[in-house]
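The following pair of complexes shares a single chain, chain A, combined with chain B in the former and chain C in the latter.
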Partner chain A sequence: MKRFDWRCLAVSSVLLAGLARAETRPQYGGTLHVAVCAAPGSLDPADSGPDSFARRSITLLMFETLVTMDDGGRVHPALAVSWQASAGSQRWQLRLRRGVKFHDGTALTAEAVAASLRAANPSWTVTAEGDSVVIERDPADPETLAELTLPRNAIALRNAAGKPMGTGPFHLVDWQPGKKLTLAAEEGYWRGRPFLDGVEIELGRNYREQMMALDVGKNDLVEVAPEQAHRTWPEGRWLANSAPVELLALVFARDAQSPEDKLLREALALSVERGSIRSVLLQGAGQPAGGILPNWISGYGFIFPTNADLPRARHEREQVRKVVTWTLGYDGNDRVARFLAERISLNAKDAGLSLQPTAAATADLRLMRIPLASSDPWVALAGVQAAAGVSQGRNRGTTVEDLYAAEQAALAAQRIIPLFHLPVYEAAGPALRNWTLRPDGTWDLADAWLGSGKP
Partner chain B sequence: MRRAVYNSAIPDVILNTVNRASRLALNPRLRQVFLVIFALVIAASAADWSGPEQQLARKIVAVTGPGAVSLTMENRSSLTKRDSDIIQGGLRSALDGLGLRIVKAEQAAATVKITLSESPSSYVWVAEIHQGSGDSAVVMVSTARAQGSSAAHDSAPLSLRKIPLWAQEDPILDVAVLEENTAPTHIAVLDPEKVSLYRMQSGKWQLEQALEVVHARPWPRDARGRLVPARDHLLDVYLPGVLCASTAAMPLSLNCRENDDPWPLVPGTLSGGAVSVFPSAGMANGASVVVPQIKGFFAPSRNFFTGALTPGVGKFTTVGKFYSAAWLPREKYTLWLFATIDGQVHMVDGVSDQAAKLDWGSDLAGVRTACGAGWQILATNAGNATEDSIRAYEVLDRDPAAVSAPLELPGETTALWTESKGDSAVAVVRNRETGSYEAFRLAMSCSQ
Partner chain C sequence: MIFRRKLLAVFALTICVSVAAVAGMVLALTRRAFETNEGQRTAALLAQFQREFSRQGDDAVRRIQAIAASEPVMHMAAAMEHSTGDTAASFDLARLMADNYQLDFLEFVDGHGTIISSAQWPAKFGYPENAFESVSALSEQGPFLKQEELQDSTALGLFAVRAARAGEHAIYVIGGRRLDKNFLSALDLPADMRALLYQNRGDHFASDLLLDPAAGNSPDPSHPAGKLAPLVEAVQHYNQETAQVVRWSPDRADDEMFHAIPLRGTGKERPLLGILLIGQSRRSYAELKSRIGASALLVGGGGIVLAILFSSWAAARVTRPVEQLAHAAQDVTAGNWNARVEVQGDDEVSQLAQAFNRMTAELLTQKERLVQAERVAAWRELARRLAHELKNPLFPLQLTVENLVRAREQSPQQFDEVFRESSRTLLAEISNLKAIIGRFSEFSKMPHPQLQPVQVNELLRGVAQLFQAQLQAPGRDPIICKLELDDGLGPIAADPDLLHRAISNLVLNAMDAMPKGGTLTLSSRRADGHAVIAVADTGSGLSREECERIFTPYYTSKQHGTGLGLAIVQSVVSDHGGRISVQSEAGAGTTFVIELPSTPAFEQAADRKP
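After this line comes the complex of A and B, so read on.
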């Protein structure tokens, strides 16, 4: 398997974004025009609606978390300036930054933070203690800080109508659900007002529409489908990609019902020709995945086999007398998803299995894109299990072997067949400067600014 | 020190190397010197992998038991080949010490494939063990990755050189050299929240005092600041919308207040101001030239000067909003250069304002040296360059001519200010690899 160094990729992306504009002092002003596929039904960070990288990015423009995580997995202060855990990682105390205000001028208080975290995590016990919040976890969880870095744990103050407000670099001006979101720079932002005056985000735009808008200069930042990332980019357009942060997987709707069912699932997993699918349908994007976590997060992902083994698949299949036809669901709005589903069905047929692709909402198994929640492996694994409806063990370990065992257990349940780990791709127009696509797939626009537009 | 204690593979490596060296007919004394130097180099640069080596070896042996195994190793991590080789040697020694004999695959009862991999925070070493026709077993260990070390970036252009002053994780807005002999011995480092005074003692910088910058409003993004040595106290600190003054005597304190007073654009020594804290200060070529002081108003919530000047350049009391300014004394007037926020350079002589689109960036600084015409402009390069650099220029009439090679920098310049003595500048660079801020003194030499 080809070696993948995600750090090089991330660096190359940053360089690509910055190469032609190595240096000039940032300029204030202007409105950034962005387009995304997602059309969130809520702007509340704690809302459990569909997850996407765009939604996370939007959340982090308006809201902030108590702590942040850097590319190396180290946790840094944000709304919390310091923290302390009890010996067993059951009780976490985080001291809040002073002088921070929500967008309506209300001071950030421990009470507000506690209420926000309780709303996002009903199973946590969160209390205010002076200028600190105390989080009690049962069972104890050493990954609590990593969880606090997640956008869903961003701190929101909810008014009487339940509308959330944050402390982030931009505040909400207008939201037309499914269509458009307008944000303006927060003048009193505690980290300093952003350079941009505002951000306008067009929601629910497909990749093709986004690319056209970028090409005619209507948008400054758009999403790019993985299979389109190889295209030749005109001068002045910049493509950036994250680390592989999205799991493309087949997810069964329910647990295996019998030993025969398990054998058939095993046969299906062995039949998928990831290499040729990647070359043809994904145009070389992404990495074939045998495990849930990409290697850059776990460090051991390479040991999960990804090559198809048709003889073994047939052998597994032949041990089962009666073969049922499974329906394979895919997102009908995603053209490539349909091709992928059809290709996987053909692979399955070669192994003697029967898959029926369908765009219907219910299916025996689905082709799912699951954004990884974090670069913290335990949090990422738990996120995938939750998205796939797989039950999780109560206790997390501390060693890499514990993690490996947990991932093996998740795979052994045979609810998930990992296919690929995909990066997030974004393209920017010539005027956008100093923006960052973080390795976790979210944008950082707080330091972005608009230049003259000349490459 | 942990680095001195190493696994047993290293002496073998060294011995083998020395044995090969002996075939090159080095005399014994030279060989000894070579051995010592080589060992020192290895010891100084090698990390201690013995812990994870032993740990992984024990886990492997727990699966295989003592006996004969074949061993292959692959490096999928960012470890260098040298480190990978060292680890391989260490693992072989550790396995050997636990009773495992490493043999060819055809003689082995088990095969062990070790992969050196990594995650964002750790190195992950994985051993896949195959015994007979049974399933393979997997054992692994992880060990924390060292923080990235900053590479050496010093280069030696012919006429413009950079001398490291200070580096830190937090943004540096300015550095002032307060005392120096052959090298700085006392410096002040301005970051958005404090002024830190460091004194060189026994070859190391020691923090002498940290003075908090008190401010009510958040700083603007791309915050800028300036340290200006004062006549009757140590320092004035200019920050967006805030002016701080230090007290005169040690221990110092810093009194800050909201204030929109203009920032001086010409260092005290060049504008005729007396600066008491520079016993070694002096112009490189000694001539006495006074540049009239001009001050610029800084936008308190932005990263630029508003363009309002006091007392003004001739008839011009306002120019376009600018990021930085530099001056070039002429026989009868001073030519001012303003890097305006529209990307142009405005040359203002008091009578005319001539705009030019030069291949320059946002930051300019004027220096007086003993080289060339005696006055040079240091300018960052324009945004369309592929490398971050600063270059010296002289301006004949209104046409700038480069007089130095570009001085390559390890990242984008976040500050460029003329030093108080006027013959050098301080540049602050954000290192693009490490993310840390590095301050350099930029000095001209007349070698070209």
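After this line comes the complex of A and C, so read on.
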């Protein structure tokens, strides 16, 4: 599948930046201070709580998946050293790596892996066969390996109390839900002990607080709002961004109820001025989106129109005699989301539509930030559909035409109006060395270390 | 006593009216003075409000000037001058500046009227400012009012506009403060004054358009906004400042005087954007008025009470001599001729009392003289009657004795016969003399009535029956006796014998009055608590003089009457507590009417008996 080349550019820039800073040899020790907006309610990878890139990153610090996917979409061994598909991708057998132990010293076994996968995927049939696990999918799914790379399919050993334990480079020391998470380096990590002694993650901090903490040197790694990415960074602090892995979209709460409803939704989709919104409200961050999948994943995303077509929007609107007022929900804690909602309402008003922005929990349509689950297009598409509550087709194709048809079908349901594809931005302080932001928006702290530049 | 009451009423009424008039006048003057003072105070407060309003406007102008001259704005203007017009970097500047300068509204608009940055509606960047043409013309002028469209509503604001130039192109800084509850609350107003704002967005009053800082988020049930509708609509209709008292409750202390000040926008039409309602509590006025009213009521009431007391005293003082005169007059009427009035002072009433005393003294003297004269006259009349009555029998006695003497001397042979004849005559005349003396004796010994229930009608029937034979006696013209009796007449307390005798005397008189016959009518009836008995004849009647003297003892109009019959009748009637009168017309007959109390009159009769 064709990938968009700028992703390589972004990653290489990050790597180059990291290399440029590698002015000293890596050294062990130190605690990395991180702040994130998210405040996950559970550390269990299989928990169905709100998804976020921060949560994924935290999960991958403590847990590992059976396989990983590189920047080119290729699958690599992780806890599984090899795999084999049969029966038309319906049956998958993965052989496990030997010598891997959970943080409490328990060896990684096929039974533990099967139990973990069953907990995360109740619809799967997972069995242990010797040092292998066998996954049976009905219907057959060629993207099973891609799904196994998802953080939610990270392998966890749950004790009697249901507390999960992983095999990742860091183990849990302390967790204050909603406030703070403290991790310590796992000495017996099968890939070798991390350079960092520990990671302290402050949870539930907004962008402004994170930025202030970075500026005063309190934190080494923070999230950056897309609209803030353009700011001028002081000496020693640097910014990294992922590929556009987050879909900003309008999602209707239910399917279109009538042909008139469809016309109005079409008019709304045509009325949004993505260009001016991106340049002003997002300060140039992200890419206008006409489709669900970003171009770097699908390869055809550019063919979806993103420019506003106000005359056509008005034409669609005028075919409807009675216009109802829709409530447009947004995250009340996100100031930019409010501006976006108000701007979209203004655009809609120009087309003769009536949108009432609201921070209430229920609304006719919502402005949603949907993290793409994977760089695998099928998995990503399915993840967006699931997040938006759109029904998915049972069979996945193998060609780009199948993918395009599936995405078109998802858009034709008119539950989702894609607006932008946003990258994840992270800013690091001067002490943090050799860390990378993966293209999927998660951190890679396995080789990160803290230098002397820390104030 | 009635005179005293009348005098008291007149005095009290006069004083009450005077007190009420004075109190009312004082109240009216006080009210007028207070209203004048209140009006001046209200005008001063309104002027203070206007100054405060202007101060807020000037403050907005200063802030806008400061923003327009600030480095970020100048930097933005310079960037606009030298770049291609990319204003994305300034998107959030208006909000930041508005926060720094504490403004509710702030927009940066380029020379084409396109919004670069908006604090009140950040999402409106790139859209045209609707009122740009009229607003940009005010860039060097003072504050103005403007209706600002927001995301989900519109708001009224006190705006100012200034231009920031870094070259040929200008950036217009348009901002100000929102006229909302916070603005109204921030106004430095006296304690009893408040400001409300009505946002004029329609032809008719709507409660939700009224901003009341004191009402909170929910409507105040004690101050329904609808009460202000007439005032608002008056301003909408006449488009000029109007004042009106708004009554929130039956308690006048809750009243408020509202001054409605129209707030107009800019432009040629100067549309009515809002109405500022300056309310001033009338509680102090109402309380003062109430206190004055209470004081007036207290003073008036006290004055009236004092007036009544004083009037009572004055009336008593004035009427006491008159009452004494009245009592004395009543005493005189009752026969107490010795009644005297105490004389005090030398005023007209005292003179009247003196005159009364002189009058009663004179009357007493006259009475004594009259009694004396009447006594002499009575004795004379008695002597005359006695002489007359005794003379008639004496003359035959003299002739008889002289016949006896003459018969003894001239014809002794016939003396015996003459003697027998004369003896019979002498005895007859002596008997006659005894009878005369007996009647006089009887009159002087009228018995005291022994009261008992008497059926008047029965008594009248008995009298009629008793005299029936005499009325129809042969040798005289017949007299028809008629009885006209009221069957509803009950028994009365009377002495049946005396009453029978009195009625009989009247019947005898009637018979004497009808020598040629006629009709005798005995009637009875009830009238005003009295039993009325009438004895009427159809005789020749009496003259007026006879009627006046007919009850005088020893007066008679008959040839051989003693003049005691009707005197006895009057004595009997009087002893029963009644009265008798006579009605007569010459040629038409005479009617005697006796009125006796139908209730037991024993006490009265007893009291009257010496």
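As a working rule, the second predicted complex is superposed on the first by the 435 of 455 C-alpha atoms of A that agree within 3 Å, B and C clash if a C-alpha of one lies under 4 Å from a C-alpha of the other, contacts with A are read in each partner's own complex, and residues count from 1 in each chain.
Here is the rule we go by: contacts are C-beta pairs under 8 Å (C-beta built on N, C-alpha and C of every residue); 3 or more make two chains touch, one makes a residue touch a chain.
Computed from a predicted structure; not experimentally measured.
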item	value
Side-by-side fit of chain B and chain C on chain A, or clash	fit
Between chain B and chain C, more extensive residue contact with chain A	B
Contacts of A:Arg237 with chain B and chain C, given as first, second, both or neither	neither
A:Ala446 touches, of chain B and chain C: first, second, both or neither?	first
Partner chain(s) touched by A:Asn295 [first = chain B, second = chain C, both, neither]	first
Partner chain in contact with A:Val280 - chain B first, chain C second, else both or neither	second
First (chain B), second (chain C), both or neither touched by A:Ser345	second
Which of chain B and chain C A:Arg118 touches, first, second, both or neither	neither
Contacts of A:Pro357 with chain B and chain C, given as first, second, both or neither	second
Least Cα gap, in Å, left between chain B and chain C after the two complexes are fitted on chain A	27
Interfacial residue positions of chain A with respect to chain C in the complex	276, 279-281, 283-284, 339-343, 345-346, 356-357
Chain B-facing residues of chain A, complex	3, 5, 7, 19-28, 71-74, 187-195, 295-300, 302-303, 375, 377, 399-401, 404, 433, 446-447, 451-452, 454-455
Residues of chain B defined as touching chain A within the complex	76, 78, 115, 117-124, 126, 128, 138-142, 145, 147, 217-223, 301-304, 323, 341, 343, 361-363, 380-388, 412-413
In the complex, chain C residues that touch chain A	86-89, 91, 121-127, 151-152
